[in-house]
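Look for subunit A in each of the two complexes below; its partner is subunit B in the first and subunit C in the second.
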Partner chain A sequence: MKTKKKLSETIYDKFSIDFLRNQVLKNAYGNDDTVIAKLDPRILLVWYLFIGLVPWFVDDIWFLMACFLLVMVTTKLARVAGLVLLLFVVGVFTQTGYLFVVSLFFGGDASTVIPLLILTLKVATCSLASITVFSGLDPDRLSNGLMWYGCPERLSFSISYAYRILPMLMEEFQNILLSYRLRGNPPASGTLVGNVRYLCYQVNIVMHSFYPLMLNTAKRSRTTVEALEIKGYRYAAVNREVKKMKLSTLKVTYTDLLFLAVSFLWIALSVLASALF
Partner chain B sequence: MEFAKRQTATQSQKLMIFVLSMALYGLATLFTELIPSFQAGIVEFSVEFFLFIPLSLAMLFDPLSAALGAATGELVFSEIMLGQFGGLGELEKFLTVTIGVYLAGRMVSDPRNRRMVGIAAFTGTGLQLLMSMLVDIFKVQFAVEDFEAVAGLPESVFATEGFAFLNDLLFSGVLFCLLPTLYLVPKLYGKIEPLLGMRPRDGKTGFGGVNVKIVVGACVAFAAAAGAELLATSGISLFEWEAGWAGSSTALAVGMVAAAVIVVIALLVLKARAEKGETVQK
Partner chain C sequence: MNIIEIENLTFSYPAAGKPILNNISLQVERGDFLAIVGNNGCGKSTFCKVLNGLIPHFISGDFEGKVLVDGLNTLESDVGTLACKAGYVYQDFENQIVRPTVLDDASFACLNYAMPDYRERGKEALTLCGLYGREDDYICQLSGGQTHLLALAGAVSLRPDILILDEPIAQLDPGHADRIYGVLRTLNEKHGKTIIVIEHHTEYIADYCKHVMLMREGGVAWKLPVREALRRVEELRECNIFPPQVTLAAHQMQREKRIPAQRPLPTTVQEGKEAFCHLSYHAAARRDKVRQTAGKAVVSFEHVSVSYRSVKGTDRVVFDGLDLEICRGDRLALIGSNGAGKSTMMKLMVGLLRPETGTVMLDGEDVRKQKPEELSQKISLVYQNPEEMFIKDTVAADIAYAMQARNIKDYTKRTERLLDRFHLTDFKDRDGRLLSGGQMRRASLAIGVALHPGILLLDEPTANLDIATRKEIMRTLSEMEEITETVVIATHDMQLVCEWANRIVVLCGGKVIADGTRDEIFKDRTVAKTAGIRPPEIFSMGQVLDNRALCYTVDEFLQGFREV
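Our next item is the complex of A and B:
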């Protein structure tokens, strides 16, 4: 009982906006000294394209298991923030678990489990691969890699901008929310009706606080765009010379190739295993 | 170019709208990603999405920029930042959000007309949900081998997806899309436009209603979204080819392993040499 109370307390503590902000920031900038973060983004994206796509088309259990183990190792290497992993686990298991329970209602039996497990394995592999690539890499390196592959400049800009603006936005949102709470008078909670009314009140506040936030953000985005215009952003975005200069820092080293080769070896071994057994 | 003449936003203003919609919707989807949903009976109460933000922005400003900004924001903030990027599936989400928001924005010619705003908000949300439901069904159908053969799975997928659609539409659609949009649009009207240096949209400066061209465009975009998932149709033949090849020749697999081993060793040697060379140079 005591541990339960303690557990709920720690969960409650953890889910504050500050905690979220820290986790997101940690995820973005906290681990640029890992093996994964040092790899070339272009190589990593190719690797991701393979691991993220191929499992969908293959039903061989050896192959899928090998892919899953591989991405587990890379996720460990990337030192992904705890919150992200928690979200991943909850997401994968609730989805397939829910599907399984419902399929029982429609006359499914234990035989339904196997395809569902395979589906889970595929989903898990793809999401872990994306966690590795997208949270293992620095946002700037990631957007450079995407740009090299010809992704629109606007996407790279959005990624860099998002990582910078998000902490500010979160803080501002929290402040607005708190000021609404200070001025408001929440209905008494405790009974069932009271709880429902309390919840509605909270939701209402969240909705209302988007109104000032929208106005503030409109002002801010105008400032941002005007600052960009001064630097000639819209012309630079489509200029080849500028792009070349931007991407000149990318360099493929032996470590990158080694990473690819080891992954390939592992996959080849799994193909061999499935051919033998 | 009737369309070009009617446009009221310049390029940089479009970028402003894009940035605004991206930042706001990104923040909101980040929350929805993190807030746990809770279940009351079989009805799931989740704050499914804050679609009201891009919806109101699309009704007030240039719809296309707002729609693209919202879709990008969702992609960047909640998928890439949290490392939940799902590959092709995200393309589908990107396109469905864009279509839904864009159409809703085009439907409103005068944001002061509350009834129109309400209808547009509900239609946009419904369209987005409907499209993502269809794509979800396709996805499960192609990912699971012998979909029809698995006992109870097809019905359960249709049931869960259909139920989730209705649930989302009636709960999230009304509570989190319709009502906030109805509240926000008239309140923001005339206040937020000057901040971006624009004239408020009225019947004359509007973009004109939804015409055939837009509907066709939306259909094409949806086809692209479904096509992203339907890569699996070609994937089925790919799978057969791959399985046959993996099963038949052990020799090929051995060859692959051997080649991989050689490459790894060669790279290790090369790397060691390169590092040695560096130290010598120093």
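Our next item is the complex of A and C:
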């Protein structure tokens, strides 16, 4: 009983807003010194295009396994935060688990596992590749890479600006939630009905908290808009010279080539293996 | 040579009845360090936005007259050209930082204006602003003071001849404030920049500025050399500007004919030393503020340790084995530099944070074991940023929220009473966010006391307020004694501490390094030095004259020092 209580307490603690905030920030800021973060964003985007798309059109188990192992390694290298990985595992598992149950219900048997496994591998590979690229890359490098491929400047600015205000927004959101918690009066929990009502109350509060958050953000954006004008953001958007200067920081190094070569070799080996066996 | 020349400038916002800037003519010399003072809403910020061309190019309105900035007519040049002449740092400077990393933000403007050496310029600006070595850090890793320096670096990187800062030290502890002004002084003296600050703290004006400009109802009342300006005590006070305490004391003595009328008033402690040299200290009449009786402990910290998970590297330890008791009837001031753990301590007391080891007891019971609805009857926290307390769309609804949630029957009546007590009835149907600084703060106090908590915690209740509003808040604080028995305030405002508190707790490095009355705290200079706190100016004045003198207010100084 005591350990159970302790366990529920630690779980509760783990999922405090503070923890969520820390995980999100860790994901955004905490891994800029990894191998993946140092890669050239253009190379990584090409790599992502391949790993994210090709598996959908291939049913060869060897190939899919190889891709999956590859993205597992890159995810490990990118040092992705635990919460993101947990969400990934839960997401993928519920997808297949649910399909498996449905298939059993309609008269399937163990042989249904194989096609499901293939589908799972496809989904998992694709998700992990996305996680590697979008959480492993520094926001600024990611947006520069996108810009090189011709995405509008505004999009790339928005991405890096989002990363700038993320910590501020999360802190403010946390404080507004605390306001509700301090002044509100949650329904008693303990019984089943009570717990459900308590949960509904909490969800309700989280939704309500967005309203003050929006208004506060609108208030502070007045300064930001003026500051952007002073800092010449509007001039830069129409100046091709600026784009060239920004992109001149991108450089393909030996590490990038090595990364591509290793990935290529690994995939080639898997194709070879599937041809042989 | 004049770097700014203004002739007959009049400006009004669209749909505003009367002009916010009214017929201003002014010259500012190159290399000046100018302080702009004036009432809230007298047009100081608007005036500064005229100088960098935001008005009339970005913010429209009726614009008349001529403004020349370094020879350029602002009407004929665009914001980009003017930004390279005059840099601007906002009061809410966090919102002007738009990039995720330090060097990126410092060089952002230069990149936008397509300067090929943008990185070098960014680095140079960071070095000038004392942020050398932090180039690759993320903004969220900087402290408040460093963030401000970064905002300044972002402006400096364009190498403008003029730098304009709107209330640069409003939220900073004295250590950080000195650093900002130190940087400004170097930029002014070594690099020949013209600096314009909007500032309420006259002590800093006396120490750093060369000229002072007083604005009154949209016009320039006068612009004078700093000493002369600060000696115009009456005029300044009419505009809610409070001259340095030393000047105030001397002014009062002059009126009582205790120092000769023709003698110029001192504006700094150094000058005061001469002006007051004929006085000597008589300790007889004074008494220290004491707690009548140390009441029962209402909050106690027992070996509390807390650390924050950090994004990178090791966790930051805030408290390590903290022990403290807060008793009924305490008017306790928590002081210490930025990041010493004042806010953390308050969050522990309301159970929002969980200590890693140790317990926080409230009324003899672990805070974490008490239900929130019981807790909020006993203790209440008012945030530093009032906007985060407004969760409903009118002030009245916000005050009523907690009472409504608890089905208190006469909550409408109680809300009305609170609105009345905090002078908020006139704007009870407005959104709290749209009120002025002082009104917002009063509204947040009203929300905080709505449930009649036994203990009230206030985080920086006087930050960002001009002196008049500050006095108003202090009056409200003393009125609140009827509602709550125990009040804890975390603050940098030493005048507030000395006038209001009966117990002071100094936090430094995660420990309580001193705990006692104001005499016990300020007599010991090592405490102030280690914790980075500074007593009110008049206290330092008294100490310079006689080290037995412990005067915390101008009145105490006037009584304590007499002619031989």
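Note that in this section the second predicted complex is superposed on the first by the 260 of 277 C-alpha atoms of A that agree within 3 Å, B and C clash if a C-alpha of one lies under 4 Å from a C-alpha of the other, contacts with A are read in each partner's own complex, and residues count from 1 in each chain.
Quick note on the criterion: contacts are C-beta pairs under 8 Å (C-beta built on N, C-alpha and C of every residue); 3 or more make two chains touch, one makes a residue touch a chain.
What you are looking at is a predicted structure, and each value in this text was computed from that prediction instead of being measured.
Once both complexes are superposed on subunit A, the partners subunit B and subunit C fit side by side without clashing. Shared-chain residue A:I61: touches no atom of subunit B or subunit C. Seen from the Cα centre of subunit A, subunit B and subunit C lie 100° apart once the structures are superposed, a value rounded to the nearest 10.
Residue contacts after overlaying the shared chain place A:L215 against subunit B and subunit C alike. Once the two complexes are laid over each other on the shared chain, residue contacts for A:F264 go to subunit B alone; subunit C is not touched. When the two complexes are overlaid on their common chain A, residue A:S127 makes contact with subunit B while staying clear of subunit C. Contacts of A:N175 after superposition on the shared chain: subunit C is touched, whereas subunit B is not. Touch criterion met: A:T224 reaches subunit B and subunit C at once.
By the touch criterion stated above, A:Y163 is placed in contact with subunit B and with subunit C alike. Once the two structures are overlaid, the count of subunit A residues touched is higher for B than for its counterpart among subunit B and subunit C. In the superposition on chain A, A:A236 contacts subunit C only, with no contact to subunit B.
Minimum Cα-Cα distance between subunit B and subunit C in the superposed model: 7 Å.
When the two complexes are laid over each other on chain A, subunit A has residues 161, 163, 208, 211, 215, 219-221, 224, 226, 228-229 in contact with both subunit B and subunit C. Across the interface of their complex, subunit C is touched by residues 13, 18-19, 22, 25-26, 29-30, 139-140, 160-161, 163-164, 167-168, 172, 175-176, 178-186, 208-209, 211-212, 215-216, 219-221, 223-224, 226-233, 235-236, 239, 241-242, 245-246 of subunit A. Across the complex, subunit B is touched by residues 15, 20, 24, 27-28, 52-53, 56-60, 63, 80, 83-84, 87-88, 90-91, 98-99, 102-109, 111-112, 115-116, 118-119, 122, 126-127, 130-135, 142, 154-155, 158-159, 161-163, 165-166, 169-170, 173, 203, 207-208, 210-211, 213-215, 217-222, 224-226, 228-229, 234, 254-255, 257-258, 261-262, 264-265, 268-269, 271-272, 274-276 of subunit A. The residues of subunit B lying in touch with subunit A in their complex are 11-12, 15-20, 22-24, 26-28, 30, 33-34, 36, 47, 50, 52-53, 56-57, 72-73, 76-77, 79-88, 140, 142-146, 150-153, 155-157, 159-160, 175-176, 179-180, 183-184, 187-188, 191-192, 195-197, 232, 235-236, 238-239, 242-243, 246-247, 249-250, 252-254, 256-257, 259-261, 263-264, 267-268, 270-271, 274.
Of all residues in subunit C, only 49, 52, 54, 58-59, 79-80, 83, 88, 90, 92, 94-101, 104, 108-109, 111-114, 116, 118, 138-140, 154, 309, 311-312, 350, 352, 354, 372-373, 375-376, 380-381, 383, 385, 387-391, 401-402, 405-406, 431, 433, 447, 450 touch subunit A in the complex they form.
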